[in-house]
Amino acid sequence: MISAHPVQAPSAPGWRHRHLLDVVDLAAWELEMVMATADEMATILARPIAKVPTLRGVSVTVLFYEASTRTRVSFEVAARNLSADVVNIAAASSSVSKGESLVDTVRTIEALGADVLVMRHPRSGAPYLAASVFGGHVVNAGDGWHAHPTQALLDLYTLRERLPAGGLRDRKVVILGDILHSRVARSNLWTLTAAGADVWLCGPATLLRGFEAVARALPAERRLTVTTDLAAALRDADAVMPLRIQQERMSGGLLPSLREYAARYQLTAARLRAARPEALVLHPGPMNEGVEIAPDVATSGRSVITEQVANGVAVRMALLYLLTGGRPTTGADG
Amino acid sequence: MISAHPVQAPSAPGWRHRHLLDVVDLAAWELEMVMATADEMATILARPIAKVPTLRGVSVTVLFYEASTRTRVSFEVAARNLSADVVNIAAASSSVSKGESLVDTVRTIEALGADVLVMRHPRSGAPYLAASVFGGHVVNAGDGWHAHPTQALLDLYTLRERLPAGGLRDRKVVILGDILHSRVARSNLWTLTAAGADVWLCGPATLLRGFEAVARALPAERRLTVTTDLAAALRDADAVMPLRIQQERMSGGLLPSLREYAARYQLTAARLRAARPEALVLHPGPMNEGVEIAPDVATSGRSVITEQVANGVAVRMALLYLLTGGRPTTGADG
Amino acid sequence: MISAHPVQAPSAPGWRHRHLLDVVDLAAWELEMVMATADEMATILARPIAKVPTLRGVSVTVLFYEASTRTRVSFEVAARNLSADVVNIAAASSSVSKGESLVDTVRTIEALGADVLVMRHPRSGAPYLAASVFGGHVVNAGDGWHAHPTQALLDLYTLRERLPAGGLRDRKVVILGDILHSRVARSNLWTLTAAGADVWLCGPATLLRGFEAVARALPAERRLTVTTDLAAALRDADAVMPLRIQQERMSGGLLPSLREYAARYQLTAARLRAARPEALVLHPGPMNEGVEIAPDVATSGRSVITEQVANGVAVRMALLYLLTGGRPTTGADG
């Protein structure tokens, strides 16, 4: 019989996780390890030919049950830069639409030779189910409202790189908008508070529901403030991250209208003047310009939105390397 | 003018088929040749880096007019393991939806440089039409109810590997369920009877229609029994292959309901006790667990369902190699 | 910060365009340069392994907002033949469907590492907007009714190769059918008149609207005739290119019915007898056989339709090379 896992590379030295399901699993020193590895990957990306043979022979399957451009392509590019083989499966055009169970799909993907399964799923927790049956490494690329660990790690990387010495310690970071439905907010509040930031969650009360309890449940040394008061949130902020407002949330009665949301919570240049002069603007994308963010803010000198995308490739290269162990990244172009 | 077929590799020595359209075309010694070549490919898959340069420069186009995960990805992985280039075309997002004829699509694919065309089509016989105009090699990846040759070959490979010495000779193999609409059943009954197995087709009478005549038309030395009696079929069976019951068949009045089908024909652990103790369970996938197969049977130690998927990659590598001739597979990693 | 453009290769020596948005931008000597480079690429395509390392490390993103097989795959194959990495984004399954602006999508694609953006868009002018923000090279693969430069260049290449000495000078070339909605007609009339051809546009009056003015606006030395008289157009023609008639145009009241169109304007063998005996038949595809072209004409010895497809790969390889500068194409197989 054919071994379904000829490669099954060990993780990188010192790395102790087989899967990346949630940032909550990562200790402070592990976050540092991801950041340092991403730095190395960034130097590879800066070469004329941004390709190394590190993961040659490793097979990465990208299984997305939700539409996505940036995250899917980011993983695909990251894997190819490391010379891994990539298989793309979009749920809409696959057997998935024939009602096969997720467990059977994952077993099939493993039998087809996948070493790494990068998955996005609309149900919170789906990657845990996948990890329970998959013989290789599972990377959560977003599950329901629950977690989006690689997004939080690339946001952390971007902020550390752009903030002056001292990093995130005591920096005021505001996450703005639809916190309730956001896996990005849930993952970021964990990594940012772990890095010592003073995190504020701000939005209409209906979209903050339950986060007071989250704030109370955090370890005492972590700082998280939940407020509907935009002016208070933005005052002296070091970084602001408005989240995408999804049209489809309107029908749930959580927001009166996009227009009213924009009137009260859109990140505009005028409102941003309350923040520090050098305050950074992030956005996980895709943006609804004119809704949660004003177009001139999205493209201003403070915006690091395209840097987030570029850093995403480096961070995902780092994670693929750490999880699978890879071969030395110092090798010649393969 | 550019030659549309710079490669047009000759077939492997001894191999006499330009296309793989139906298993009926394969003589017994050719089935052996596929099996032996798949064995070689399995040793490549067992290497740390499962990649050989055998088909470097060969261009494989995978053209699917029906949704599929396992078969499409299996061909894609098989081709890449042999270093071929792969182009994927899903009918839904292609010019095909603009009403272009199949013949024109095939001519276009050839002019774009394809050496091998792997195709799945809802109409029986479509690959024959393609082969009549395509200058390279056509592989039928499933056409209507007619044939699914690579599935039958991977099933044959899986059974031979798992059955004790003596192979399939006189082994009782049961194919269970919707035989009528199944290209898997039609291809398997040919290869399995060719290998000497005692093949039983079992299901509701409405889903066996016409197969009595098939049994009578087979050469005398081949053994095929058609029955609605599940207990008789399973008695002392060496292998059982329940087929997917497709929801959409219900509307045709061929089955009263999924629930009634499951009550009468689902392969359960209790029913399987009538088979030999070491009887194998196969399924071509995707499974409807709880309909044609009980979940505990699907994941029991008798199940070789994920082995089928893994073997499928080896068998498809073998076929791509045999059809195109390839270069020696003993070369270094390329 | 990671440079989003580690490669950003200079254009080939002598080539002065960063983007290919419209053939109108190309001078006569630049058309010659494309043709000569395509000749070199055709010799690569004729090799047993049609692959050179020229664009290794160059990342090509193919972003299509309209369904397509031949053009998308042609660019994909062209890029891979030059060893570039290819990322495919189909609008239907991407964030594009979440309402992200084109500008944001393009910025994201650049940040993900793309050096070349090949795009097709239903709105005329969309590639200009993309080029205004993209740091790499934009190739227009068709925008609305406006332009389809690579199609015109491959048509030019095909005609030059097949017409006897003297090339297109004074050759009568007829473009037939739905000129009004055709980006292929608009791009071809420019390149063909530039090459000295006597170009005739022919079709029902409703589908020629505005082209009399186009003819008057051309430089005096260019020859363009607009007529509804099919017999006059075909008389002594050297080449005829019927265009696809799109079913969806019928609803606009521009045509009474496909049947009536076919009766009056279908290119049939009988009608083609008015042309020169050796007249060539081209079609940009996909064809509606039995509507704008009779099946026997499409497959006759005069048809160069599959040559157009094959030449398209060579021409697109040439353009990717010219735009990005590439490395020498004489290198060994990489």
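All chains are identified by letter, namely A, B and C, in their written order; residue positions are counted from 1 within each chain.
Convention: contacts are C-beta pairs under 8 Å (C-beta built on N, C-alpha and C of every residue); 3 or more make two chains touch, one makes a residue touch a chain.
Predicted, not measured: the structure shown is a model, and the values here were computed from it.
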item: Interface sides of chain B and chain C: same vs different residues, half threshold; value: different
item: Rotation angle superposing chain A onto its copy chain B by C-alpha atoms, nearest 5 degrees; value: 120
item: Chain centre separation in whole Å, for chain C relative to chain B (CA means); value: 39
item: Where chain B touches two or more other chains, by residue; value: 93
item: Residue ranges of chain A touching chain B (in the complex, touch as defined); value: 1-4, 6-7, 56-57, 59, 61, 85, 87, 89, 93-101, 104-105, 107-113
item: Chain A residues touching chain C - in the complex, by the definition given at the top; value: 42, 45-51, 67-70, 73-74, 76-77, 80-81, 90, 92-93, 161-162, 247, 285-289, 298, 305-314
